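Listed after this line are the structures, all set down as structure tokens.
The two complexes that follow have chain A in common; it is paired with chain B in the first and with chain C in the second.
Right after this comes the complex of A and B.
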């Protein structure tokens, strides 16, 4: 038990040190990278870990006779969560969202300190001490609070009333519902039944299993399978089309979607929202190939009404590319990210 | 104290021993050691990477790198023709960012990813900001980065060999042992004199905006390149994602940039002089009003962006002089610009990648001051072959896959010169657009919800247009032009300053259906466009920003002074109540 608690205490101490380091800018907040697409789960996991750590820390301090009052535990814990959300996560979470998390964790802290009568008494004891003090430091503290509280609250309300400019928050429909069919270069494609004509096996037949076996491997780097090099001179069928798709991608798309298809291309920093990140499991991995075909062909211009704020500079690529080129680019995007397109069934 | 000095002595001894050893082993070349430039030491060539490393690196290369650098590493991958600067041609072993002396191969050791001892590894880790080369940290593991470099240095560098002791030597800048001279005013002044003396300004320009000799410089492969703009340190290739670090400038200045006209100044300047110059160059980089470095977004390696351009209120006339106190004290906003690649002619290489915007308003007008760096002042000489409203114009787009002949890099300095220009677009009837009140397309939603565009061109013209859709030509707005005014326009030492005045808009003099009404305290969607005439920018070949918001700062209302006092007083009353209650309770009394 004690061994377990001391391990937990160590985690707790590490947590506090890490946060202090991040606030003072000694430890870069991206020392442990936030995995794109899994950020909320990762942060939740880290916080849970530190909560366990703090339990251990509080227990260890207790056994060493340096018990930390419940009152300050509650406050310190809440501050930790607020600061962690502010300094750990990059790109930063907007204040309004942090305020929401802050409220939820405040309620949680309250439930914890008031779980039973005895705990609640312990929690409010320091407040009572200050209210009741007849002499000594606590009495001084009471007078200090008497002056400070009105000044602070007045200051905050002034601050809230002075006109300020903060970027309006934009909510966005990420994957708007697609139409049943789309007309590209004079031909109508039904989204439910169309297939990528280049997703073929060596016999030239549509074969998703074959292509899925030849995409890059998941894991750090997402490298191609050793025996499936699209740049091999003898590459035929699927892999050859992947290379052709890649050529088109790197002549047209990488400027925004990036050399690694992660939405961090040369021009990406200028746009808001930044271009789609295909390596994120929430984009092309969630969609059917024909959905991508429709989005690529029609671009930001072709977004339906419910797709606003429409702030997309994605060109309707039908104006720059042929149908074949679009299919090949899509083939390449799935190959390079190592995802399977979703099927309709 | 004692300890450290004995340590130093020990190091000195070892160093001296090393020099003797090297001198001994190279025999007749002893004099070469004496001739080493200040701050450099002889280094040893790294051993050949293991065969497995090279083989594993091939797999990394053909997944990630081949698309730009090409099958043979000749910098001719599919993307190459539309990039400027072009991807590196590895074949000659010419690498720009190094700690080794001019002309030498960079430091690379497949077993030692130590910062400061492995130039190529650091390039891969941090990328080359200002070019298409991204940072591969977090995408490739350390091991994978070393593997792919093993492959590149042994298989794709063809004309030289990293392990050949006969032909290669390494003279390494001891960057970590040299202590920077503090960037005092004295040091910066000395640096400012030295850049003139060393003729840096001939290429980099009087103000260091890279406008000195912008159009006659070529790299080793004959492609035109431009001198660095010292005011945008985040675009320095060698900034190692740490743009305000003076050591990076010191390094580039000491070792030169191989393959380009930028020489090494190690032989004709002392270490002290080099620190003064580095301090001066670093001091030019854009900073906040209080002199602190701009916040850099670690994901983009560019300054962080705030999308609200706030406009300050002025009593009376708004000054036309950019040096006026009101303008000088006004906060400026960084507006990032990307190439317009939605609509033909696409602008893959936008030479204007940011502008600085300030704004002031009074009871009648709102005024915008635009400042942006442009190495050349471009004014079209002849008459333009199209109407200024035309957007679907016929500027030929270069085909890719045409090799060096057709690439953007070769054409870069041979464009017909058009006008430099700047424009701002605001939504008309923005209040009626759905939240967050952005028009549907960059150039207006439709006839009913148009945008209003004000465009200034370097020939002195100021025009107003109406945009009604994504691929519609603009409509000229003669009725609005008499309401707008150009207060100031000047190109000096590589920077444009343009001040444009426009009406706030009111129901009496203006047309609600066609003009943007600027309302105090509201967020008005605003887009900025910029054209560089020497880049062949015309029509929709331009640089575009995302949607920003113009925000006219309301003056502080009187309530902001009254209510907080009332609230504070209420808190005092509440405190009194709590305390009385508590003390009564203690005394056993009840109220």
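Right after this comes the complex of A and C.
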């Protein structure tokens, strides 16, 4: 048990030192990299390691007769979580989400320190000591708090109320709700039931499974499947249309959406917000192809009232592309990102 | 002897009367008697030349048009008479209060049925009497609330008639037979409730008690049917069926009732009502506990709070799954409705909803951990609580991560786009399914710890049993998280299906682990009695938090469900042309929900106070076992 706790304590110490080093810019922030594609699980795993580390550290200090008071354990753990979210995760997490996470962490700390009477007594002892003020030092502290707390709260209030020159928060709907049907080049398409006519197998028949089997692999490499190269001159059916879609994409779309389809094209940063990142699991991977068809065809200005508030400057591509070209470019986007369009069967 | 036979006869007659009351509306609703079914024949008699056929917007079947088209309303005093106030807000208030009370009075009789049943079957007679008394106290509270429900229902109808006459006229023209049956069911519910309540003392022993228990079953069947009928109206407004594109009724009342969303709504509302009812009663008990002046009262209300919480949570656990089914059906019915709800305009409300669901589970777990404190021997579990807190909060953090992040333009630029490589993955359904299942599985683990808190298993295979349980929970977590990760790599239709094995894993933990634990704890050595009343005040605040969160979440979900129709009274059939056809801001909706919650709690405190004026004192022998004797409540004890 002791050996296990020693290892855990070591992990805890190393973790704290690394994080402190990163915050103070002594240790390069990419010493332990967050790996793209694995970040979400990596963050949870790191936090688990830290909790194990702190447990070990607390245990070891206790056995050495240097037990860290429960009150300060709680405060320190909460501060650690706030610092971790602020300095460890990159790109930076917006304040609104950090505030949510910080609140949940605070609740977690409260639940931990008050889970049983003994712990709760230990936790609130320093607070009670100051309130009771039996010693001179505690009396002094009580007066200090009497002054500092209102000043601190006043400061927060002032900071919240003072007029700021920064741009206001602009809320928008990322996925505007589509209509039941859309009319493009004189033909009406029902979004719930329409299909991409180019998602076909070698016999030219609609085949979702065939096309799903020939998309690139997900992850960092985005490798093509064996014998599924759209740029092979002999490619037929689905793969041939993917190539045609790719050509259309690089002629029209990649300037904004980027050649990696990650929303970082040449012109991307002229817009606010920047164009959609198709490689993110929250964009096309969540949607039906018909939804993309509608969005591409109608662009930003064609969004209905249901989609409000929206912010999109995408042109209505129906004015520049044929229906077939739109379907093909959508085919390419799914192929390239390795995502499957949403289906309902 | 003659007196007993007379009582039996009276009881059987009362039961027959209840069954008669239940069957009466059903008989009335037979096709030959229902007005809606008569109509096509009447049309036929006028000659086939006049028959006009229409196509059902949902079932796609052809039917004879027997109703008028949905009115095309215009903004003005004819279609939208008003005070100098937003009519929609008045309606919202009346509707929400009616729903709160309606849910409460439908849920409490189900509790009474369960508790009364427990009282009948338990071998400990003192305990049996306590259960019986508890059920009686519940129904007494419910009786006062029942009157208020009816009054609020009246207010709601008057609000509809006076502020939305065109819409209500159309709805009642479609649901005419259903509304009459509803009224008759309400009469049946009232009659049954009064017979059940006033017959309590007369039917408290032996065979008569079983008759009385049967009455509670009938009472609940009527209550549930009543709710199903009311659900058909909102189901029709969201996903109309049985009418053509112009909204003309096609003569098939079953199509109008059985819309795409009716069944998911029914299931979701039953579970929701039960969880809500449990929360309200638990909060009542918590309040009484905190106000108690004697150990005896504290012990009683501690026990009452525990029972109510356990019943409420029993229905809370499957509630997210029912909600998931409802959302799946919404998506299947209209994609744009689903996207408006979960990815579009109302997405942030869903994040608030996730936050509230998380609070419900956190409060439940916290209560259970505090409850370990009143058992001797439970210390061995208390030291591990911090790990449960961590697992629970990790699941919670993932569950509440928004897909649409609120951020300043500066933050947006710093992030380099709308999508965050970490948060973006937490913000989608695959992660959220994993998050909520982790939360529920942890709650089940807390329950298992609670159930064995003061016991040591004496079965010969206890070591193996403990290892098996630990492994089972470990595998469950692994499976849930693994499937959540896998969800990113597979097609969406398969991903949606992954929720089934995730839910199955969670429910396996619930059923198998509870069952195994019960076997292991059979004849277990007790480390000491459960010291009812010796629980921290914090636990009672957790119960109050639980109830408040339930109430707030009900208000929120009702608002979301209603708002998803956007500018339609009846989706795609009857347009809302009032000046209030827009969607409220999140802030306004939150304030309105908070006001409704506050009003409900103030009014229900009044109801509780009224109920307490005539609370029947518990029989002496029933109270004898309150202290020391350690009554063993539900949930494995």
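As a working rule, the second predicted complex is superposed on the first by the 268 of 345 C-alpha atoms of A that agree within 3 Å, B and C clash if a C-alpha of one lies under 4 Å from a C-alpha of the other, contacts with A are read in each partner's own complex, and residues count from 1 in each chain.
Everything that follows uses one rule, which is that a contact is a pair of C-beta atoms (placed from the backbone, for glycine too) under 8 Å apart; a residue touches a chain by one contact, two chains touch by 3 or more.
Here the structure is a predicted model, which is why all the values come from computation and not from measurement.
Just checking: does A:146 make contact with chain B only, chain C only, both, or neither of them? Give me first, second, both or neither.
Only chain B; A:146 stays clear of chain C.
Where does A:175 make contact in the superposed view: on chain B (first), on chain C (second), on both, or on neither?
Only chain C is touched by A:175; chain B is not.
Touch check for A:114: first (chain B), second (chain C), both, or neither?
The second partner, chain C, only.
Contact-wise, after the overlay, does A:264 reach chain B, chain C, both or neither (first, second, both, neither)?
So A:264 meets both chain B and chain C here.
Kindly classify A:272 by the partners it touches after superposition: chain B alone (first), chain C alone (second), both, or neither?
The answer is both, since A:272 touches chain B and chain C.
On the A-aligned overlay, A:14 touches which partner chain: chain B = first, chain C = second, or both, or neither?
Touch status of A:14: no partner.
A:75 contacts which: chain B (first), chain C (second), both, neither?
It touches nothing on chain B or chain C.
Which partner does A:167 contact after superposing on A: first (chain B), second (chain C), both, neither?
In the superposition, A:167 contacts both chain B and chain C.
In the superposed arrangement, does A:91 touch chain B (first), chain C (second), both or neither?
both
Shared contact residues on chain A for chain B and chain C?
Residues 91, 166-170, 262, 264, 272, 308, which sit in both footprints.
Name, in rising order, each residue of chain C that touches chain A in their complex.
Interface residues on the chain C side: 331-332, 334-337, 339-340, 343-345, 347, 355, 358, 362, 365-366, 369-370, 372-373, 379, 382, 385-387, 389-390, 392-394, 396-398, 400-431, 485, 488-493, 536, 538, 566-567, 572.
Per the contact definition, I'd like the list of chain A residues that touch chain B in the complex.
Touch list, chain A to chain B: 30, 33, 90-91, 131-132, 146, 149-151, 153-155, 157-158, 161-163, 165-170, 216, 220-224, 226, 229-231, 246-252, 254-256, 258-260, 262, 264-272, 299-301, 308-311, 313-315, 319-320, 336.
In the complex, go through chain B and note every residue touching chain A.
Of all residues in chain B, those touching chain A are 59-60, 62-64, 66-68, 71, 77-79, 81-82, 131-134, 138-141, 144, 297-300, 302, 305-308, 310, 336-339, 341-344, 346, 348, 350, 353, 400-401, 434-438, 440-442, 470, 521, 523, 544-547, 549, 551, 553-557, 559-561, 563-565, 567-569, 571-572, 575, 578-579, 582, 586.
If we count contacts the way the header does, which residues on chain A are in touch with chain C in the complex?
34, 36, 39-41, 43-44, 47-48, 51, 55, 89, 91-97, 100-101, 104-105, 107-108, 111-112, 114-117, 120, 166-180, 191-192, 208, 212, 218, 262-264, 272-274, 276-277, 280-283, 285-286, 288, 291, 305-308, 340-345
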